[in-house]
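So, here's a batch of structures to check.
Two complexes follow with chain A in common, the first pairing it with chain B and the second with chain C.
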Partner chain A sequence: MMGLELRDLSKHFTVRSDRGKATVRAVERVNLGIPEGQTVALVGESGCGKTTIAKLVLKLETPTSGAVTFDGKSLEEMSRKEIKDYRRQVQAVFQDPYASLNPRLTVRRIITEPILAHYKRDRATLNARVAELLEIVGLPPRAADLYPHEFSGGQRQRIAIARALALNPRIIILDEPISALDVSIRAQVLNLLMDIQEKFGLTYLLIAHDLALVEHLSTRVAVIYLGSVVETGESEQIFAAPKHPYTQALLNAVPRPDPDYVPKAAEGFDDTGSALEPPSGCKFHLRCPHAMAVCKTDNPPLIKLADGREAACHLLSGPPPAQV
Partner chain B sequence: MTVILAPTPVTVADAPQLPFLVRFRLKGTPWIPILILLLIIVAAMGGESIAPHDPNGLDLGAAFRPPFWQAGGSYDYLLGTDNLGRDVLSRIIAGARVSAIVVLYAIGFSGAIGTMLGIMAGYFGGIVDMIIVRITEIMMAIPTLALALIFTATMDPGLSTVIIVIVLTYWTWYARIIRSEILSLRERDYVAFAKVAGCGPVTIFLRHLVPNIFNTLVVLMTLQVGQVIIFEASLSFLGVGIQPPDTSWGLMLADARQYITYAWWGITMPGIAIILTCLSSNLIGDWLRDLLDPKRRQL
Partner chain C sequence: MTAAPLLQVENLQMHLHLRRGVVKAVDGVSFEVHEGETLGIVGESGSGKTMTCLSILRLLPIHSDGRLDGSVKLDGEDLLQLSEEDMASRVRGPKVAMISQDPMTSLNPVYTVGDQVSGPFLYHKLVRTVREAMAAAAQGLRRVRIPSPERRLKNYPHQFSGGMRQRVVTAMAIACSPRLLIADEPTTALDVTIQVQIMNLLRSIQQDSKVGIILVTHDLSIVAGLCHRIAVMYAGRIIETGKVRDIYRNPQHPYTQALLQAIPHLGQKRSRLAAIPGQPPNLIDPPKGCRFAQRCPKRMSVCDDYPPATDLGDRHVVNCWLAAKQ
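== the complex of A and B ==
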């Protein structure tokens, strides 16, 4: 398969405490394809392992088992040259535009950094490229000689986007690209992201907890709960009719501009599972309104449903056992 | 949804489009501290040759002359004379050299060693970090003066012993502070991005880590100027530092202490020299820090 793919990807962290070592299963056996030209969104609450997946894809972390593959080849098996090539094709935009730009470099040096890491270019070529990239992201050419602190959050995120585009990548990992921004400028940055995707035929891996953004931007969605995919499929399908109880709960939790609306799943929803000591069986059963006896013992596999999507829930597999 | 990419009105704060060097604001330049430090440097370099008298020239007949503005003082001895009739001004000028040498070597070596070890500990982490942190903790547990006394007992007291003791004491400062700086810098998003962009460790190190510890280093070093001078003074005061007939500001303080009640100038004048030097170096350090920080530079 072309493009990015996550194969049985797991990442465990060892934490030391007074009571000895413990293992955090941040990412647990995730299988996910990221088809070319699409926007695949990873959604889930904070701490569910979304950002760890992004780090694994960016090779900032190494997987405990499984692999991230690019054009069929595992990142772990790549030679230095192949890694360099991979880095040229996969870029990233991070959440906090205040932390992702080095305060001591001018915008010009920030944007040219990825280019100079791969190619030798003379100054005129670089300057022309910087001007071109700034224009694409909607910043004036003279922004090139300013420092990051002279820009607002939205403008900084534009700079980060220009930097991510500098190498003409195929794939951009967007880790919460607009959640640190003011509500008033989110739409602008979102439009910019959609515009450049169309213009350059980019593939996006979007990490987000903001479901409105996900619905807007993504073509495919993978819902993550405590490190595992619980439901994945076409964005429209999932938003129209979520099958997994967790997805249903997530969608119900989205605030609605209606003062009389009372969220349905609000009650009995406090028994959070932890990635440190994941519950037995289905990890979601402690919070699940439909929990059955089997949920406490067996972890449901991800099964393909009739409409092509996949979900991991005992309610959806075979004849439902007797309710408890 | 329709994709609108309206050329959003982007306002960028007006920044002076001046060459880098001119952008250094001249207004905030601390001219007086720079002048004072220059004077001290000239004194340190000129030493005995620019002193009005021989700094070690004994003249018991001229002992305890007050400074020129006080009754009994003369323009011959501008800042008075000490108990042996030596000219205080000449001795301050001669002592400036010793103090300058101690400051330069001590700060240079302790800064270099401490920064290097701090960077290594922070950057590599793991066992390297553990070893370096343990060594700094051991060094910090040893009382400085005890260390100085051990050194002078085993080596000749003098300039080089003073420098060695100060370096051994102060490098832990740099190591600890730089280590924690690097630890936090290493986790910044722009470092992660530099890796994603394909930069090698050397580039990341030189472009993203080192420039960002500059502020800290400048502040630490300029703060240390005062401390080193005073530390040298206390070593000399205890007799384990600079040995007569050489002189330093600290030794002058020690010598003049017992006559403080009737010859205040003997201890006050070198004291003022120390204060001015510390103050100047701290003010210049603050200014340098602002100068090196793009966030403050253009304001």
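== the complex of A and C ==
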């Protein structure tokens, strides 16, 4: 398959707890394709492993087992040269534009650094490229010689986007790209992200906790619970009719700007549960309103449903529960 | 509502004297909160909503030279005229309490939760012994529905999840049965499933105690289900206020309208959002006229003067020339 794919990807961390060493199963056997030109969103609560997946894709972490593949080849099997080429094609935009831009560099340096890491270019070519990138992200040409502190949050995020675009990547990882921005600025940056995706045929891997943003931006969604995908499919399908009880609970809890809408609190949702000692069987069964006996013992596999999406739930896989 | 308001803020000004100039963080804000009522203060960062809350409690950032003006009347008593001792012994805690955004930083990591939740009871001499204070603390944790409170008192904050920490902070805030509870972004740091629980908790506390609540947030979705009235702040001033239904169903100020349109909401398909161009003004030298004018799609020449408050009825008040002209 072309593009990015997560194959049976796992990442475990060893931590010292009060009872000696323990293993955190941050990512557990995740299979996920990220088709070209799509925006795939990873959705889940804090601690569910979405950022670890992003780090694995950026090769900032090494998988415990399984692999991230790019155009069919595992990152672990790539030569140094191939990895360098991979890093050129996969870029990232991070949550906090106050932390992700070096305060001591001018915008020109910030944007040209990735280019110089890969190519030899003379000054005139670089300057032309900087001017072009600034125009794409909607900043004036004179921005090139200013420093990050001279910009607002939204403008800084534009600089980060220009930097990500500098190498003409195919894939951009968006890790909470607007959650650190002012409310009235968010729409500007969101629109910019949609525009450049269309213009350059980019593929996005979006990490976000804001489900309204995810519905707005993504074409495909993977809902992650304690390191595993519990439901994945086309964004429209999942938001219109979530099948997994966890997806349902998540969507029900989202508040809406409507005084007559009351978000539903999921009963028993307290601690997310811990990836340190995940429950037996289906990891969600302790919080699940439909938990059955089988859920305590068997972990349901991810199965394909009639409409093409996949979900991991005994309610959807086995024969329907006996009528009482 | 004919009864006197619990809190009446009039022409509140909070100016911070910094080296680079005077920041008019709160610039003439007036509102009221009644007993058992929840007022949502909505605005983006820098609009002055948190500074308004800190002004009510007279907690100015210590590093800056701040000046407070106007009046903040709680049960008819002007808090701005009280001595610091009176504020500490009679107001903060027993009358006005605050829940801040980040439950990680508002709890001290080196004291047990019991030490911290029992603090208000001892400080305000509601109990005589530490033993009684601990019993009161356990009762407090029970009120915010923390399971097995006696055992949890011995735990440290890091042993609690984010949602549970916010419950602990809430238990401390309501320890002295305050008349007014200020919740500054109480759910922003929490997962969506936990947000709902904290909102429900605040609602049930209000039903039990008739406490007035000021809920500060940048998110118009969160306040929709919980508030009775909303005040929208922009650049240090309230630009529109009204009953929650009027604000959502019939927003009059172009900024309120834009805010409601510029955020993605559930149930919206992929499409471009109506972005608000530009940025909020600098509060050191804010525009003389309407502060939203530079970004406003309906700007007129008259907007160079500050628009008067126009009462549209039913306490729906807006500062916009469009409403003033009708």
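Just so it is clear, the second predicted complex is superposed on the first by the 313 of 324 C-alpha atoms of A that agree within 3 Å, B and C clash if a C-alpha of one lies under 4 Å from a C-alpha of the other, contacts with A are read in each partner's own complex, and residues count from 1 in each chain.
Everything that follows uses one rule, which is that contacts are C-beta pairs under 8 Å (C-beta built on N, C-alpha and C of every residue); 3 or more make two chains touch, one makes a residue touch a chain.
Quick caveat, the model's predicted, so the values are computed rather than measured.
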**OP:** Answer with first, second, both or neither: which of chain B and chain C does A:163 touch in the superposed model?
**Re:** first
Original post:
After superposition on the shared chain, which partner residues are touched by A:191: those of chain B (first), chain C (second), both, or neither?
Top reply: both
Original post:
Which of the two partners, first being chain B and second being chain C, lies in contact with A:125: first, second, both, or neither?
Top reply: neither
Subject >> Contacts of A:149 with chain B and chain C, given as first, second, both or neither >> reply: first
**OP:** Answer with first, second, both or neither: which of chain B and chain C does A:216 touch in the superposed model?
**Re:** both
**OP:** For A:62, decide between first (touching chain B), second (touching chain C), both and neither.
**Re:** neither
Original post:
Touching A:250, do we find chain B (first), chain C (second), both, or neither?
Top reply: second
**OP:** Residue by residue on chain A, keep only those touching chain B in one complex and chain C in the other, then list them.
**Re:** 188, 191, 194, 216
Original post:
Given the complex with chain C, which residues does chain A contribute to the contact?
Top reply: 45-46, 152, 154, 182-188, 190-191, 194, 209-213, 215-217, 219, 236, 239, 249-251, 253-259, 261-266, 269-272
Original post:
Once bound in the complex, which stretches of chain B touch chain A?
Top reply: 1, 3-5, 7-8, 10, 12-13, 15, 17, 188-190, 192-200, 203, 207-208, 211-212, 293-295, 298
Subject >> chain C - residues contacting chain A, complex >> reply: 44-46, 161-164, 191-197, 199-200, 218-222, 224-225, 244-245, 248-249, 258-260, 262-277, 279-280, 295
Original post:
Mind pulling up the chain A residues that touch chain B in the complex?
Top reply: 55, 58-60, 84, 87-88, 90-92, 94-96, 99-105, 113-114, 117-118, 138-140, 142-143, 145-147, 149-151, 155, 160, 163, 167, 188, 191-192, 194-195, 198, 216
